[in-house]
Amino acid sequence: MAFFDLPLDELRRYQPAVSEPPDFDAFWAATLEQAERYALDARFEAVDFGLRTVKTYDVTFNGYGGQPIKGWLMLPANAAQPLPLVVEYVGYGGGRGFPTEWLLWSSAGYAHLVMDTRGQGSVWRQGDTPDVAEGSSPHSPGFMTLGVLSPETYYYRRVFVDAVRAVQAGRSFPLVDAKRVAVTGGSQGGGISLAVAGLMPEVRVCMPDVPYLCHYQRAIEITPSGPYQEIAQFCQVHRQRTEQVFKTLAYFDNVFFATRIRARCLFSVALMDEICPPSTIFAAYNRITAPKEMRIYTYNHHEGGGAHHDIEKIRFLDAALADH
Amino acid sequence: MAFFDLPLDELRRYQPAVSEPPDFDAFWAATLEQAERYALDARFEAVDFGLRTVKTYDVTFNGYGGQPIKGWLMLPANAAQPLPLVVEYVGYGGGRGFPTEWLLWSSAGYAHLVMDTRGQGSVWRQGDTPDVAEGSSPHSPGFMTLGVLSPETYYYRRVFVDAVRAVQAGRSFPLVDAKRVAVTGGSQGGGISLAVAGLMPEVRVCMPDVPYLCHYQRAIEITPSGPYQEIAQFCQVHRQRTEQVFKTLAYFDNVFFATRIRARCLFSVALMDEICPPSTIFAAYNRITAPKEMRIYTYNHHEGGGAHHDIEKIRFLDAALADH
Amino acid sequence: MAFFDLPLDELRRYQPAVSEPPDFDAFWAATLEQAERYALDARFEAVDFGLRTVKTYDVTFNGYGGQPIKGWLMLPANAAQPLPLVVEYVGYGGGRGFPTEWLLWSSAGYAHLVMDTRGQGSVWRQGDTPDVAEGSSPHSPGFMTLGVLSPETYYYRRVFVDAVRAVQAGRSFPLVDAKRVAVTGGSQGGGISLAVAGLMPEVRVCMPDVPYLCHYQRAIEITPSGPYQEIAQFCQVHRQRTEQVFKTLAYFDNVFFATRIRARCLFSVALMDEICPPSTIFAAYNRITAPKEMRIYTYNHHEGGGAHHDIEKIRFLDAALADH
Amino acid sequence: MAFFDLPLDELRRYQPAVSEPPDFDAFWAATLEQAERYALDARFEAVDFGLRTVKTYDVTFNGYGGQPIKGWLMLPANAAQPLPLVVEYVGYGGGRGFPTEWLLWSSAGYAHLVMDTRGQGSVWRQGDTPDVAEGSSPHSPGFMTLGVLSPETYYYRRVFVDAVRAVQAGRSFPLVDAKRVAVTGGSQGGGISLAVAGLMPEVRVCMPDVPYLCHYQRAIEITPSGPYQEIAQFCQVHRQRTEQVFKTLAYFDNVFFATRIRARCLFSVALMDEICPPSTIFAAYNRITAPKEMRIYTYNHHEGGGAHHDIEKIRFLDAALADH
Amino acid sequence: MAFFDLPLDELRRYQPAVSEPPDFDAFWAATLEQAERYALDARFEAVDFGLRTVKTYDVTFNGYGGQPIKGWLMLPANAAQPLPLVVEYVGYGGGRGFPTEWLLWSSAGYAHLVMDTRGQGSVWRQGDTPDVAEGSSPHSPGFMTLGVLSPETYYYRRVFVDAVRAVQAGRSFPLVDAKRVAVTGGSQGGGISLAVAGLMPEVRVCMPDVPYLCHYQRAIEITPSGPYQEIAQFCQVHRQRTEQVFKTLAYFDNVFFATRIRARCLFSVALMDEICPPSTIFAAYNRITAPKEMRIYTYNHHEGGGAHHDIEKIRFLDAALADH
Amino acid sequence: MAFFDLPLDELRRYQPAVSEPPDFDAFWAATLEQAERYALDARFEAVDFGLRTVKTYDVTFNGYGGQPIKGWLMLPANAAQPLPLVVEYVGYGGGRGFPTEWLLWSSAGYAHLVMDTRGQGSVWRQGDTPDVAEGSSPHSPGFMTLGVLSPETYYYRRVFVDAVRAVQAGRSFPLVDAKRVAVTGGSQGGGISLAVAGLMPEVRVCMPDVPYLCHYQRAIEITPSGPYQEIAQFCQVHRQRTEQVFKTLAYFDNVFFATRIRARCLFSVALMDEICPPSTIFAAYNRITAPKEMRIYTYNHHEGGGAHHDIEKIRFLDAALADH
């Protein structure tokens, strides 16, 4: 079927029973505290890829476990005073690529930091950051089940810490106004944005597009497509560890980060999206108590709102950060 | 097979026997002359999509048959004197979309005109320009066989005329240096670039990526993928009109435009490209007598060189137009 | 799933809320009136394809905008007095082909006119009639979105006018009994039959097989297969024009023609049909107030009843037109 | 969808209305009585495939119509006194293969007879037993519609008789304890196990894995995958014989054998199994009144419980036959 | 690749080394002699499917082993004197269907007998004739490996005998001129036509379209598509019987029947046909010494020449049998 | 094409130009020396999975970097004196699973050690051994590009060391005859077997089935299927690192291990194998100077010789180790 998920009116009020780990906040507090033991040490090296209207820096900062994480920082070439900051996270399988691929936000007048996703960046857009796993277990090809048998070793623990520190790195740049910070990204990038907004109350705006990493269990049960299926594949082989897998994932599920978000939110969702099914996105969205808007792309698949939505986002962000 | 075309050493010297229509130049001279009967009337309306570092104009000019063709013109916001111009054509099925999708060349300091492709722009990137056919015949879904029973009515006759006039439109803009013009594009956009360079000796640089519209007959016979197959489909149904089809296509084949090109050329080709097979591209490339370079992406498919190649192109163009 | 649509008992009573354009009748009255300004000028040229038991004519008449439309007229070779007429329309992508492909109805003793579908006939069965668009807009490959931004320019406006005039052309032939006319066709041909029966009260019998062009919006939302998806594709790209698209389609939806039909109807439907989902067909069927029968093929896909149903149709038509 | 069948709680209580043929028992009594007219004549020829810990016999016995059926009998090499017997049936398309492929049950201390499935064994594991059809009709490729127009000529009548006689053959071997017999198999092998358990009250244990041949009609209507679709294909072509087909299948449907089973049962089911949908398995399971257990593999497809479940089965069987 | 077989110039002279069984003629002589022991007993029962211009008979005759084979005989309704006869065989998986599906040759003035293919007719067009196998062995789904371990038991031995007797049946009909007989058919029907022409020197014309059953071994090795792969599948499982399989197939390979044909031949071939690769067809064609013509459809797949070629065939047959 | 690689006669003499790293032996000597710094510490814990004829031990030994590697050791239950040892490696994506899946060699009278492959075992057969990477870089999903930018960090460096030490672990078991050791495995397991035989001259027999990890570059260029494509994918994204990738792979290519093998070899190859193309296997096989045999499975894909070949291997091994 083209529409394979709930009808729109049910999506709007979809509130599935989910069971938050009692130590969810404790887990993340400990995780972030442990991360703080490593100095951030954000470095910004000016680079020249032939661009004239924007100025580009090759960024390195210490992420999870003090491991170096790469990124790009881009600003209007003529910026003279602190600019609001957009931190962007990348979709699954992609990396930071080259600055020529990230011209939108700096062209729109923002400081823009793109974070490389550790280990990724060899499926479609090039990445430059290794992932150094701590403890591990067999896993399905991909990152979704890397260390999944325990929250401490799960891959996204490292990623979410990196992502929080990417915001810190961006805020440390002289030409950035640390009080006006937005996070954004599509798919996995949207999922990371939500987690960061849940972990950092100082984030002012959160703009996730067709976000991933929401309500994993339903996703696996409703769609045979996309990287959620890496988890299904793991459970198919490790049949006796299914419960353990979902116990771990609960610490990384945006249905739980959602209730902690204080940022103004602009979501996008596509009703025919078989990669990030709409009900998994509404499951997170419907739990957000901060000001929020949802743009619905009725006949789209995982491409979501595309350039139409980019323009929406610029308008939304201009308005949201105007009142600084 | 992963490599399905000729080995690289054979590609480099591939010179298939092709039969140029004796009135090729006459056909195009008449076509362009007829086009000139309509005033170009290029209009540039400033538009605001939230971009700050570049200035954007919604372009309309009169293309084939005097029909209005849309485009975007983008320049660095602070441009004070005439800039070299890059005219870009779009890949098959796409349209001009939004300015936010076209930030590369203006950010690199060029005036950049993107031409909408008539009729297209409803498969992946939005288009805004209708195609008004003159005379016609049944056709396969798509544009490849639209009017294919005669060179006069063939779809690409209208497109190539539009493309020539897009260059004229760009050159008419005050902040453009009409002596420094490059054409570029990927796939169909690369194919159109080659044709324009063949038709306009004043074009200084031509940078086609994995270009389409080269050596149609071999393409149809070597690959079952991509839009070349629309032609095969037409021939499968209209079995008795095969010869007539190829007679028309000869007027639009870049193996013939190639010998007429005076511009400095930078090609890209991907050796696993099943959409635009490498031998079809070398068939055109090997006939060019102007200065030329070819970037070979060994393990890539139709995505070609991606952002890696964009950076190559900026370097190439900066160097090629430096000596103005 | 094999059954992907509503259960049969729900199909039988399926009455979706649909919103008829208030000027539906006015639009069609104006359209047909405008068509009448062009003389029909039906021409019948005897042709010889080696057939002995039937006599064949190559038909040309002036359809929409006075444009020439092709067809075949076939009758039993020994016909001596006026015969009842079957006008047949072709499925999507096909054309009139050759008389050897259309032997059924003349062999069964009827005059049989097959109308070529403008522009089509290059996907599976050869067509010979161009489509001359009036005004246009970008469109997805295929015909479903050709001119879809306005009812006046939509492709099927031209097709339905052609189809009405095909009946007029057939009735003008000396050996045809103009009072006994049936329309039929499969898939798109069935959809056109329904529209013609809705526009021409003088049509006595309507036999649509697995008809297309019924309840477009549900079709797009329930099936990812078949040409309905051209509309979805258009809406995916032109995200902001979705409402406008469906506003246009309402004038061409058989759920609205259905209530106007006066002919005796024989439908066929296949419960596993992913091209023309059963609910879209029942949505039209259930609104018909004329005498009607539905043949249900439980385990069939879009092939429907095949030759089994052809025999049903001969029986039905013999009976329906016996009482002239 | 990944989950395409009923939710688990509905599966657990799924009791579809089914209509048992009034002469179901009479049909099978007559069938088995007729089979008894042929001497079983089980022959056991010792063979050497290089195995040392198990002893292997090439088995031949007279099955349906006295036709010779092949199998393997394997026992621990040092067996000194009668062992409990496991009779195993093979999945669709496979045959008995080689003894090296069947080491599990003899290594676990059981006598193990594997029955070749007549006619099959040319799709994945080699078979050696022809099927001699009695009377026939056209059929779809495969065995599912072989002789399906009448219960007397249906392929599985012959198979089920063979399967009953395989148990008799195994029990006739000197080192087998005829009072401790289990039947098992995966997919088709599980379906045959259920039928045998329904026909032979003396079978003590029945362990069907993801069994096939349950509730055919729902299977055909809910899944487009797997060999059930051979029946759909037959009905698609022989549209007028659909009712007759299902009338035949009723005599071979495990929803009816289920109520007759006296053996202790261990089922497995996989909730994403598109070959043997879970509801068809629960339809049989829920009607069993003997002691029974179901192992549910939530995220598995037709591979079901794999080696995890083999270990479950050894444990279950050890326990079930311990109390002899 | 779109062209996956030899280039056309190599196809035209393709003469692979093949090894004819020394007793090829003896085998077929014995087979036909044995067949003659059963009376043909052709019965013709007039039937009414609503057709008026042609008269239809339901045909039954005794084929291989005296088993009843079905067919249709159709003639122009007004035929008054003996007509030339076209015997047609059906493509793989199809059956005789209904007379309404076979109007071409009778409408063209011929007597036309369509033979049902034993066992087939449940994949696309309905069949009514069972296959009664004599001896057998396990086989892959389908008919290609049924009894393939010996020429005596191979399925096509029965089919080719049926086919010879279908010609005899047709010739026995009063309104048939037994001296003017043609055989034809597409794919499997073409393959059978060639075998019949090889076995019956009295056949005057042979018109195989994209014929199957030619040079099996190359077919299996060059294409992964279509029913030839049933043989590959069998050999994949029965790895040790590969040589035996090809030894059997040699008796049924049209490369050997080809040299025995005396009929005037019209072949068709499609250069992109992955079901019946062109080299396998040329392998047979190039060995024919009788008058022959080949129609080449360059860009077609297994659909071959379609209706275009039907018209060619009518012309060819009219000419070939004109000089009786 | 079904046959997509070189013809068999060319395969038999295929000797591609390959360029061995000058420090190949030095690299491996240093690697093994470094490995020796960690004690092997092989532990054998008896486990009970219900098997009676074989005795099973859960094995743990210290592999690369001293990291614990899992395995199973299985022997005939009644073994009284040292047995020859078969060490088996697993195919890509699988793990050691359960002892019930590995009954062949112990049932055939051998001691049998199955090594778990680090990190793998979550795609089809369960694994229990994590991979602890040392240094890393972004990688494509899967293991083929894990650490591929340097021989020191490449994943298979760790695996090959584990594999050598698995042999050492097996030889340390009391009931194993350390002088009679064979290595075997299918696909990746075959590739590892070759590397181990190349690294350990004391290995007496090497039986790789359809081995992987041979002549990577040709594999990538000739087949689009299977895990070799992970490398292509990496090169597609990291376009500038292609040379570096192949420089690393050279240290892990069995075309170089082949010349160092002293063991008696039994290979299998399947001519239609698109995962491990036959030419890549012959490229290694043809360079072996030790006694060797090749079994060719003509019509098989990656399933190779299956159970037929298992029986060949038992015979071969019995004979090869008889002369101890």
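So that you can tell them apart, the chains are marked A, B, C, D, E and F in the order they are listed, and the count of residues begins at 1 in each.
Criterion: a residue touches a chain if its C-beta (ideal position, glycine included) is under 8 Å from a C-beta of that chain, and two chains touch if they have at least 3 such contacts.
What you see is a predicted model, and the numbers here were worked out from it, not measured in a lab.
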item	value
Set of chains adjacent to chain A and to chain E	B, C, D, F
Interface numbering overlap (same over half, different under half) for chain A and chain D	different
Equivalent of B-E within the choices A-B, E-F or A-F, defined by over half of its residue contact pairs recurring	E-F
Chain of greatest Cα-centre distance to chain F	C
Chain C-chain D separation of Cα centroids, rounded to whole Å	50
Distance from the mean Cα position of chain F to that of chain C, given in whole angstrom	63
Multi-chain contact sites of chain A, meaning residues that touch two or more partners	125-126, 308
Touching pairs among all chains present in the structure	A-B, A-C, A-D, A-F, B-C, B-E, B-F, C-D, C-E, D-E, D-F, E-F
Of all residues in chain E, those that touch chain C in their complex	49-54, 76-78, 97-98, 100-101, 103-104, 106-109, 125-126, 307-308, 310-311, 314-315, 318
Residue numbers on chain B that touch chain F, as the complex places them	1-3, 272, 297-301, 303, 305-306, 308
Contact set on chain D toward chain E in their complex	93, 95, 119-133, 135-143, 145, 233-234, 237-238
Residue ranges of chain C in contact with chain A within the complex	4, 220-224, 229, 232, 235-236, 239-240, 242
